[in-house]
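Several structures are given next for inspection.
You will see two complexes here that share chain A, one where it goes with chain B and one where it goes with chain C.
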Partner chain A sequence: MSTFRHPSTWIFITLLVLTWLLARMGAGWAEATGLAWAFDYPKAWVIPLKDWVSAAMKYLVEDVHFGFFTFKEFTRAISWLIEQPYNLTRALLAEGFMDGPGRRANQILPPFSWITITACVIALGHYARDWILAAIVGFAFLYLSVFGQWESAMITLSSVIIAVPIGVIGGLSLGILAYRHPLFDRMLKPLLDLMQTIPIFAYLVPILVLFGFGPVAALVATVIYAMPPMVRITTMALKAVNPEIKDFGVMTGCTQAQMTWRILVPAARSSLMVGVNQVIMLSLNMVIIASMIGAGGLGFDVLSSLRRLDIGGGFEAGIAIVILAIAVDRLSQAFSERASTHQPKSKGNALIRYKRSFAILAILVAAFLLGRIWPFFQSFPEEYWLTTGAFWDNSVKYLNINYYDAFEAIKLFFLNYFLLPTKRFFLGLPWPWALAIIALIGWRFGGWKLALMNALMTLFIVTTGMWEKAMITVYLCGVSVILASLIGIPLGVLAATNRRAGGIIGVIIDTLQTLPSFVYLIPVVMLFRIGDFTAMIAIVLYALVPAVRYAAHGVRSVRPELVEAGVVAGCTRWQLLTRIRLPLALPEVLLGLNQTIMLALSMLVITALVGTRDLGQEVYIALTKADTGRGLVAGLAIAFIAIIADRIISASARSARIRYGLEDAHG
Partner chain B sequence: MTAPAKLVCKNVWKLYGAGADSFLDANPTPDMKTIRAAGLIPAVRKADIDIREGEIFVIMGLSGSGKSTLVRCMSRLIEPSAGEILFHGTDLLKASDKEMIEIRRHKMGMVFQHFALLPHLTVLQNVAFPLTIQGQKRKLAEARAMEVIELVGLKGREGYYPRELSGGQQQRVGIARSLADEPELWFLDEPFSALDPLIRREMQDEFLRLQGMLAKTIVFITHDFDEAIRLADRIAIMKDGAIIQVATPEELVLNPANDYVEEFTRHVPRDKVMSVGKIMQVGGKGAGQGIPASAKIVEVAEQVIEADEPLLVVDEGKPVGSINAAAVIRVLLGKSAR
Partner chain C sequence: MRGDSRHKTTGGFPMRKLMKCALTGVATGAILATAALAEVESTDPIKLTLHDWSGQLINTQIMGAILEEAGYNVEYVQADYIAQFAGLKDGDLTLAMEIWATTGQEALDEATATGNVVNAGETGLQAIEEWWYPLYMKERCPGLPDWQALKACSAEFATAETAPKGRYVGGPVTWGGFDDERVEALDLGFEVVHAGTDAALFAELESAYQREAPVILWVYVPHWAPAKFEGEFVDFPPYSAECYSDPSVGVNPDMAYDCGKPRGPIWKAAWAGMEEKWPGAYAAVQAYTLTNAEMSAMVGEVDLDGKSVEDVVDAWMDSNEARWTAWIGQ
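Let's look at the complex of A and B:
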């Protein structure tokens, strides 16, 4: 109970009570005293930043010249460059080669048959690991054709195939540059931070304006979204290469290029492959989201089903996304593991050494020739498609008819006792007070620098007229994070302390993590329709993963001697958990909380689709209206909320680590 | 009799911390106190050594004594804060990057404590690596690599990957690789410290065997005094970044510069480092065909003790003195000759 004697605890409690009182009654007092401006930021004071940004964008697109060409021509040139390989893959995988544009055009050459592509992924699976992986990916692709998702899936896949190499090569080059030039590294870092915290939709808007609606804009957005982790991982991996190996490189007389390509990059290979896997998964996620600006494919199917409230269609496309994601993820992971171990070179003549390539070539030719005669070999016939749409329709209908009251009761309970009071609290806060409190928290954990940064960022949100929407964002994100932590941390602790539970939870978490964020919306919307509650559940599901993972990791990495010391001292299991494991896992749990908040904020924007009224909605509206200023300003506001939360929590995690002696105070 | 110097370190300093170079410009010979007061960390202080053609020069010191930093200054892996490094009389610190690349490619080789093998290459590719970096044809490079692999006794393992080898075998690869381009100057940075004691001993023998064939100029770093005694022609002892004493093993044992050095030498068996010439009676007459003055006591002890009379000692064939059983026994009992 000594904590209550600490004076700062009392100050904290007093401040909390004051804040609550202000939020409850403040509006009434303000009316009386003429301080209404503190609760409702006057429209006249708003800085028209969004108009300025829009104007600047307009100027950029319409008037900027670089001597020989205009800015617009420049972006068009980039479009053209990206379009060529994209069109080629799309033709090969999904649509075939046409003799002209439009619907009436005749097919000159069909795309690869579904048999060829499935055989191809099976061969890749076998090459990368074994027959089990080959079977898994084979079944996944078979599913896509049997359930009639083939063409959409192939369109999605061709976007990924184009986006990944650009993301990997771009990320690798930037990462190497940042490794070589510390100054460039320092300039790049804040930019990367911002790119990862600004919600995806926010930069969809300027891209939409620059590149127009269509697959190219979607590809550009995908690359921008998927590249930052590759840059970071590259720089980190190169820095982490054993210093002796670097010394060896110098002593051998390597030039800078030899050092990079013959020593550093090969030595860092296994970490780099982790980055490649990340790029692949993020690209897939983004390609789905980018269907809003014309990527097409599976994401578009989900989006249009959601709009039509076509339950079955949405579910089917959603499952296809899940299956494609799992297949792609397992395949790329197997490749990265393969790259970090060594396979003996197979011996024998060319026919044996390249047996898979020859088999695929044979299948390609056979499928092509047979496909000319029997369409079955070209594309899986529509009349044999299985559909589960009706099943999903019926089950949701059944649930809604029979359990409507139960669902409604859960929803109302949460709304009345949890969501709405929290919302009222945040909306009732006078902004000058909130600003002061946020600055104070910053000062408490990170000194005056953090206090100043927090205050400036909050001021940005207030003066651009985003306060109310920001508070709704904070409220929705806050309740979701609390719920995700309440569910996720105990699950993580369970996973760490119980082996069997750990195995099961591990598999679930791994799968949840490969799913594109979009997918989470589908089942929730079907059951709870649109609104804050639906948004909250989708966010909780999406943001659960880091809470579980970090809690489990934190509990697992408590030093075994400490646990043994507890056992020897006669602790019960419960005491072991509450007195030793949990307190020591606190820094990790805090980092998990941090990640949970980041994921919650990024999901928040996607839940704008189900009718929330927060900053996410603002960005979404800006997207539909192609209003750059509005989108960017709201996006920046979200990014600032994320950065404030991130800095405060990282600072407190750091102070916990210093308290436990896990980190140097000056380190 | 002394061979010409191959590598000379003149007044070499390495301080870490902001403004180290300008600090040294202002006061060229600071003591520990002023260095610490300036907020700098001393790694090497005023190192003056000359390494002679064909000798094994061991730099010995405990961890943190600056021995690794010093050897890295010699090859410019670390840029010294002040001083000169003369290689064949020209200052390496004034060489351009391009010249350094050439020197490292053709004149220097280095073996690392943790082997520093490239994990993605086979033994053969690892050993051929320095040659391919120089642009040699793969076939030629691999043929040469095979020769060195044979030299270190790894024939038959050339297709293995480093992780498939034991620690001792990995270091053999490291040694082979550093010898592939026939360097004049061979740096070995604690090459055997990561190995088990038994393997370490075996590798030391192997190292002496190789040196017997190749006669390189060697700078060998170790924290193990016994290893230093065993291998060295001359030893430099380092502490807190400064070189305390440079001497042959025998001189170290007989005349330690201070208590710190003496502490190391206390447990060294005298008979293994002292030579006959040090305890002989100069000008004395003795029997027998003559024992070389440079022989270690341990090699002749039995012979001298079993003889009934003092034995003759010769230096390059000429009689120089005699040695009797009593002198040998004093050494064996650990009673210093002084």
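Let's look at the complex of A and C:
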């Protein structure tokens, strides 16, 4: 390979060896030479940033005044505004309208019957695509009824119904603003990076204080988490609109508003729908965390089941989340495809044109009236509920009793030969050396700008006194990312080259992505006990998804001419894979790696629930102690690790693309 | 719809019904409630906090039910155990029914010091937190429950990662507990592994119990675990404030924390404005007490027998009418 002839490669290898030596031997002689501060950042040098943040937050909540009202009154007004439609949706879907408070309340009006809502999604499926989709979403909702998850699922659905439009409209407006004003765009970008990488736990406390306790705070957190992709996709999609279409707008004398809403947004509609889909999926990912601060629904069922060690109950509620997510995802994808193709207007009178709406209206009335007499038509009867809970409980018990020793042996092997040596390496690194190396890597891939940014971010982590926890974070994520890539990339290649395997892997990946990790975290604790290994398994399972996805996508999108050229030249299948498909898929694989790292970092807060000692734990402790400053500073440290990794990998992916002629060097 | 029980009987959780109550207060309660509840001081909702363990849910909902019987408007809000103090201080939340002296004392003291939160007295429940082992470990480590026995047989509790030391699973670091210090002061030969959450802690117990494998961990009561698993608390030298603060006191003359964990009441904490706004309700809150035995039985019914919290609360309300009518002064 030509890379090895490059002189800087040798410099890097030498540096790597030096770093390793330093990590192994350093601490010993540092004591002797008075350089201990380089290994263990002195407490006295720590900048009390977290106290400043807490003080600023206190000022914001207690003292900031906009003349007529305080900042807190302002946020509370927002939360009141969000609460009204939310309460209405919730009453319609899940709870009905009640008369009088508490225990003595009577229901005046029941919620929509399960039959009505199922019919409604079937009609939506048919409208968006065809009867097949209608059947899929219909079965999904039927599943929720039959497995007794209906009411919780409807509570979760109502928060998604409220959070998604807010996220989409907010994201769209910010995206349009960023498109119009490049300066705003540049200011917004780092903020979006932070919104996506700071763990939600880090800003839950300020949200609770500002928006009040209850479901609204959970909704606000969901929106903050789910909105950034919408902003990015909007800006990107508007930029990608064909310039001829824009010119046409200019020629016909459009005002700025007309240009945006009549020309650009409709032209970018299909890309925008991808953003909507992202917002929906991310909102559903938030279900568990949102339920920790009062969102209720399926997320709460998962948490409270696992708290009682009712593993079966947790699995059932978790699978209900997966089913709900798949149904909503398929529907929104069908809508996005429908938006990008022109539909012929259906002909005939109103009754025919709005046949689905009339049918649903008829079912609504019928179900309501029949439900007054036979409860079956109102809510699916409890006697017919199915449960698989005992199956999950017994499976875990069986594995635990019969295979525990085997698991223990595997665990010890990984711990002794992989995890612990890596941990020792990272904890042994002196921070000034690490800082220099990170800056150097930045310089190698992205010039002095990236070098400076890397150095400043690392310095932030050091000076706020989080070096050790950050190193444990890097170690835990590092080993998980390596394992996830080792498992995920071959799976992705397999999925791309073998149709049948692709189908199966696709289902597994979809499930892993939407199944709340808490569901499998507790069984994993039972089989592997509390410790880094358990945390690693949870991270690998979650971070595997993008590794598989991007590898598959990369291999699939290699230009067929190139593969054919290989076939003509007489390549074997193995040669086709290693000489043509994989090298050309490399940029995609690198992007997948990037996403794997992001997901691994975002799992840290969840693994803190098992008991790790990294930045995730710091954020979690801050949450339970309601310490805004501590949580935000630790959250920023995690975000900075993510951003450093992201920038380095993006830069190297770009240079890989240039090397294979997929991108112009000046592009 | 209130009468029929559409909830799962196994593993069900009455959150939905709770949320109904909560919602009612917001949606229609304000208008419709006024007439029915004219006799109470204020029909604004009294907001009770819910956490994620069954005992607290039962406790809170019994209190809520009593207040409703007295005519007050009650709303339940899901809140974090420590984070709720921020809400209690500014009146967003009105009442927290379980602040454990063992885990929440510091936060409670800090909050009452601001003058915005008041300690509304004991719930009558006594919290115990201590090292706990399943009964089958008694054979492998004779001499238990006396703590001295642990010194001799710490290796019985060892795992490959901790050997030759024993492995003790402590609570989340946020619970405090000074177990690392205790191990050192009493020279126990154990390594403390901190669970991240309550769920992870008891997952370890369940796993070991299924295999009858050695385990020793932090257990607290009132909790369902001692009802499901047979076992005992370790008898450490009894706790005293001096033992924690003064190295010379206790078994080890050179170190503090050479004794067991403190035991103490579970407090009720309220927003300071509650007494003024709803004096009758506040009096009822102060009068309210349960016993450990009652609570353990109810927690067992919910977590082990799979009854819904609401059914258990209803049953308590029916069979203890004389008690709670006295509390609300009727």
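We take it that the second predicted complex is superposed on the first by the 569 of 667 C-alpha atoms of A that agree within 3 Å, B and C clash if a C-alpha of one lies under 4 Å from a C-alpha of the other, contacts with A are read in each partner's own complex, and residues count from 1 in each chain.
Definition applied: contacts are C-beta pairs under 8 Å (C-beta built on N, C-alpha and C of every residue); 3 or more make two chains touch, one makes a residue touch a chain.
Note that the structure is predicted; figures quoted are calculated from it, not measured.
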Combined model on chain A where chain B meets chain C, clash or fit: fit
Partner chain(s) touched by A:244 [first = chain B, second = chain C, both, neither]: first
Partner chain(s) touched by A:305 [first = chain B, second = chain C, both, neither]: second
Partner chain in contact with A:621 - chain B first, chain C second, else both or neither: second
Touching partner for A:421 - first (chain B), second (chain C), both, neither: neither
Partner chain(s) touched by A:258 [first = chain B, second = chain C, both, neither]: first
Larger contact residue set on chain A - chain B or chain C: C
Which of chain B and chain C A:106 touches, first, second, both or neither: second
First, second, both or neither for A:48, with chain B first and chain C second: neither
Touched partner set for A:412, first chain B, second chain C, both or neither: second
Gap in Å between nearest CA atoms once chain C and chain B share a frame through chain A: 42
Residue ranges of chain A in contact with chain B within the complex: 242, 244-245, 247-248, 250-255, 258, 262-263, 266-267, 269, 342
Touching residues (chain side chain C, partner chain A) in the complex: 1-2, 4-11, 13, 15-16, 19-29, 32-33, 36-37, 45, 47, 49, 52-54, 64-65, 68, 73-74, 77-87, 92-93, 159-161, 169, 172-174, 193-200, 202-204, 206-207, 210-211, 213, 224, 303
Touching residues (chain side chain A, partner chain C) in the complex: 83, 87, 90-91, 94-108, 110, 148, 151-152, 155, 204-205, 208-209, 212-214, 291-296, 300-301, 303-310, 312-313, 375, 379, 382, 385, 387, 389, 397, 400-401, 404, 408, 412, 415, 521-523, 525-527, 529-531, 607-612, 617, 620-621, 623-626
Chain A-facing residues of chain B, complex: 72, 75, 77, 100-106, 108-110, 112-116, 118-121, 129-130, 133-134, 161, 187
